[in-house]
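As written, the chain order gives the labels A, B, C and D, with residue 1 at the start of each chain.
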Amino acid sequence: MPWDELKPRKFVAFEKELDGISKQTMEDHYKLYEGYAKKANECRRRLNEFDYSEIEGNQVFSELRAVSIDYTFALLGYKNHDLYFGHLGGEGGQPDGRFAEIVDDEFNGVDKWFDAVKKAASAARGWVMVGYDLNDGSIFNYIMDTQNLWAVYNMVPVLAIDVYEHAYVRDFGATPDGRKQYVEAFFRNLDWDHVNRQLGQAEAAKEGADRTGLQEEHPVGA
Amino acid sequence: MPWDELKPRKFVAFEKELDGISKQTMEDHYKLYEGYAKKANECRRRLNEFDYSEIEGNQVFSELRAVSIDYTFALLGYKNHDLYFGHLGGEGGQPDGRFAEIVDDEFNGVDKWFDAVKKAASAARGWVMVGYDLNDGSIFNYIMDTQNLWAVYNMVPVLAIDVYEHAYVRDFGATPDGRKQYVEAFFRNLDWDHVNRQLGQAEAAKEGADRTGLQEEHPVGA
Amino acid sequence: MPWDELKPRKFVAFEKELDGISKQTMEDHYKLYEGYAKKANECRRRLNEFDYSEIEGNQVFSELRAVSIDYTFALLGYKNHDLYFGHLGGEGGQPDGRFAEIVDDEFNGVDKWFDAVKKAASAARGWVMVGYDLNDGSIFNYIMDTQNLWAVYNMVPVLAIDVYEHAYVRDFGATPDGRKQYVEAFFRNLDWDHVNRQLGQAEAAKEGADRTGLQEEHPVGA
Amino acid sequence: MPWDELKPRKFVAFEKELDGISKQTMEDHYKLYEGYAKKANECRRRLNEFDYSEIEGNQVFSELRAVSIDYTFALLGYKNHDLYFGHLGGEGGQPDGRFAEIVDDEFNGVDKWFDAVKKAASAARGWVMVGYDLNDGSIFNYIMDTQNLWAVYNMVPVLAIDVYEHAYVRDFGATPDGRKQYVEAFFRNLDWDHVNRQLGQAEAAKEGADRTGLQEEHPVGA
């Protein structure tokens, strides 16, 4: 089954002074990330140890159900933060490179994408995940309410903005205005090269799949 | 933004007599699929027409929030069924090809994977999605409670089992036993080549991404 | 802790021929109700047996968390169906008695409430729960997506319409139109006296609470 | 329909120095409460203005659906905080009065209830709601993940512990340990009389309903 033992990684963001996001916030945040890794490993171990010929499968309540579902909370808690921490420690500024190109194209201007993603960051309860769709190569600002709520598959995330309250309350306050100031700070510390490396992988993944010629024609006839 | 106008496709499953799954069930089911395409297109249109400099972003209630989230319900409603209908019309039997190889390896035997996926099908409220993880190439039986609930990203689905009640109530009854009989019937009609074509794309996607050399080292010495 | 052993009850609806809702649907439906009672009892037993000084409380994954939450799914699965089955076996027709009075008042006409509740029945994924709010004595058509999703507290349900697919797929088909026909059939079989008995309890509950004089003033001059 | 215009109330907790919970946290928290009231009023207004003979009812996406559901988020966001703020400003200490009696009885000791509720506070993602069940007069520590997630009906809340991160991150840090310290602080500032006043209303509500004689026999011999 998936993943060897997950291990929290080190990130350059923790060796720098960020602009507006405090060391204390980052250190507390890292402890949550460690917790997600630990719980993902625990769920994984439970899932590996189940005897599937004997175990109960029940959709009202069953251990299999509970562990399988909260495993995705733990796993995405790990993956989300792994991406987020990797973003930080950069110089901010305007999007550039391929990312700028693709959002310029899809949103009719980089500024319009910026408006859209900031509004999404006010409208989400957990994350905004700017994701690349492997079916059609489009970009979308996904709203996620928790670590695993309203994620979609066939999607590779390229830019992850944590808007859980733990990301900003200490530094900016728990209010909607506090969140807005935090989102501005996030973008001041963003490493756009890191974003573009995610996008590079996403586009290469799509190209790899496309080259197989195994896709359905989409749409067929109708 | 993503996807041109989604159009419901045609599937060979609708030109055949399936074993245990009635024409009526399939025809009603297809109407739901058409409904997801229509609603995904409607949400997409709304999202394209928003003026993001003016629109309210609010995490308690806002149109942006509501449309963005239920868009994922509609979109995955389309994608889930597109995959599911593509599976049907086959000869069933044991998993073969690369899929058999990979689950044999991960679950210590194809039979154990079969046990596990059938238990997952009893424990889910909507779908079991056997998915390929683009980070590590593992396979997992994801439990989904609705079209979009507990999906994960960086995952390519290779085998989709619809366990919404609409898939089986008419033919097998609304009980847990009815569901089990339906899952058996699903596997009798499954086209394993179709599953292997999804897996082929998933593996090629991972290889494409891996070749870029853009990944983080994972984990980086903790 | 709550509830003695839950036991599935008998209902007059099962001794009658309903108009449009088949015996087979009702019998399968009853098995689900028995399942909810069984699982609620199991969760309750687990909750009673936990050693709370030792047990892990963890918000990512913990047994305490999993059992506590799916207990509400099981419990409301029982309560929802207990109310629903109690409604059926009546003569249908227009709302009458106190219920008619109260919705006439709140929706500016019984017909308008009927329009509203039918639209809610098309918009919900699980239940429409017409509920009486103990704070202010108002009536609202709550949309519920599962047995326990978007329920509210301080609310006494007076009219429960099951729109899970198990309630209608066999008799009317899995389509939106099938659901509409089922909702019409539901109302043809509704015992309005049963609804008015729920409302009688709800109003008496509010009166009981009000007589204590223990409420906060609401609102207290802001 | 329910509720006149909701208005944020004043609470004694805001005129005191709390032990461990800062003024700044309380003031930011109050702004969220005002936001819930405002949004509940907005949703209510939209629901009142819909033309139910014309409006679309659709379970994939429809305005009716979106507003109806997030209305419960806004409404419970208001009610939850109204209860929580009312609790604070007390002297803490051990539970007393009727509340002590009832949890002593159900949990075999007040200390055991205290253990259980603190573990629940670590296992929840949003609230612990100690609720009184109107069916059987039992007490349960409900885990809620958001303002409206996993609430149940026929339940009157008597003790509400906010464990959203906004309640504790500024004062105690975003970690699990920070949350534990906050929960201790919450109990040091709790006004048990306020809790007992909620319980008094809950018990009176049940008595009021019981006196009607309108209940189903529960269970009716199966």
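Keep this in mind: a residue touches a chain if its C-beta (ideal position, glycine included) is under 8 Å from a C-beta of that chain, and two chains touch if they have at least 3 such contacts.
What you are looking at is a predicted structure, and each value in this text was computed from that prediction instead of being measured.
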Angle (degrees, nearest 5) of the CA superposition of chain A onto chain D: 180
Please state whether the interface between chain A and chain B is built from the same residues or different ones, using more than half shared residue numbers as the mark of same. same
So using the touch definition from the top, which pair is joined by more C-beta contacts, A-C or B-C? B-C
With chain centres defined as C-alpha means, what is the inter-centre distance between chain B and chain C in Å? 31
For chain A and chain B, what's the span in angstrom between their mean Cα positions? 20
Distance between chain A and chain C based on Cα centroids, please, to the nearest Å. 37
Residues of chain C that touch at least two other chains are 35, 58, 65, 125, 145, 176
Residue numbers on chain C that touch chain B, as the complex places them: 24-25, 28-29, 31-32, 35, 125, 145-146, 164-166, 169-170, 173-176, 178
Flag every residue of chain C that touches chain D in the complex, lowest number first. 1-4, 6-10, 50, 52-53, 55-59, 62, 64-65, 68-69, 72, 75-76, 79, 82, 86, 106-107, 112, 115-116, 118-125, 129, 131, 133-136, 138-143, 145, 148-157, 176, 197-198, 200-202, 204-209, 211-212, 214-222
Touching residues (chain side chain C, partner chain A) in the complex: 35-36, 39, 42-43, 58, 60-61, 63, 65-67, 70-71, 73-74, 77
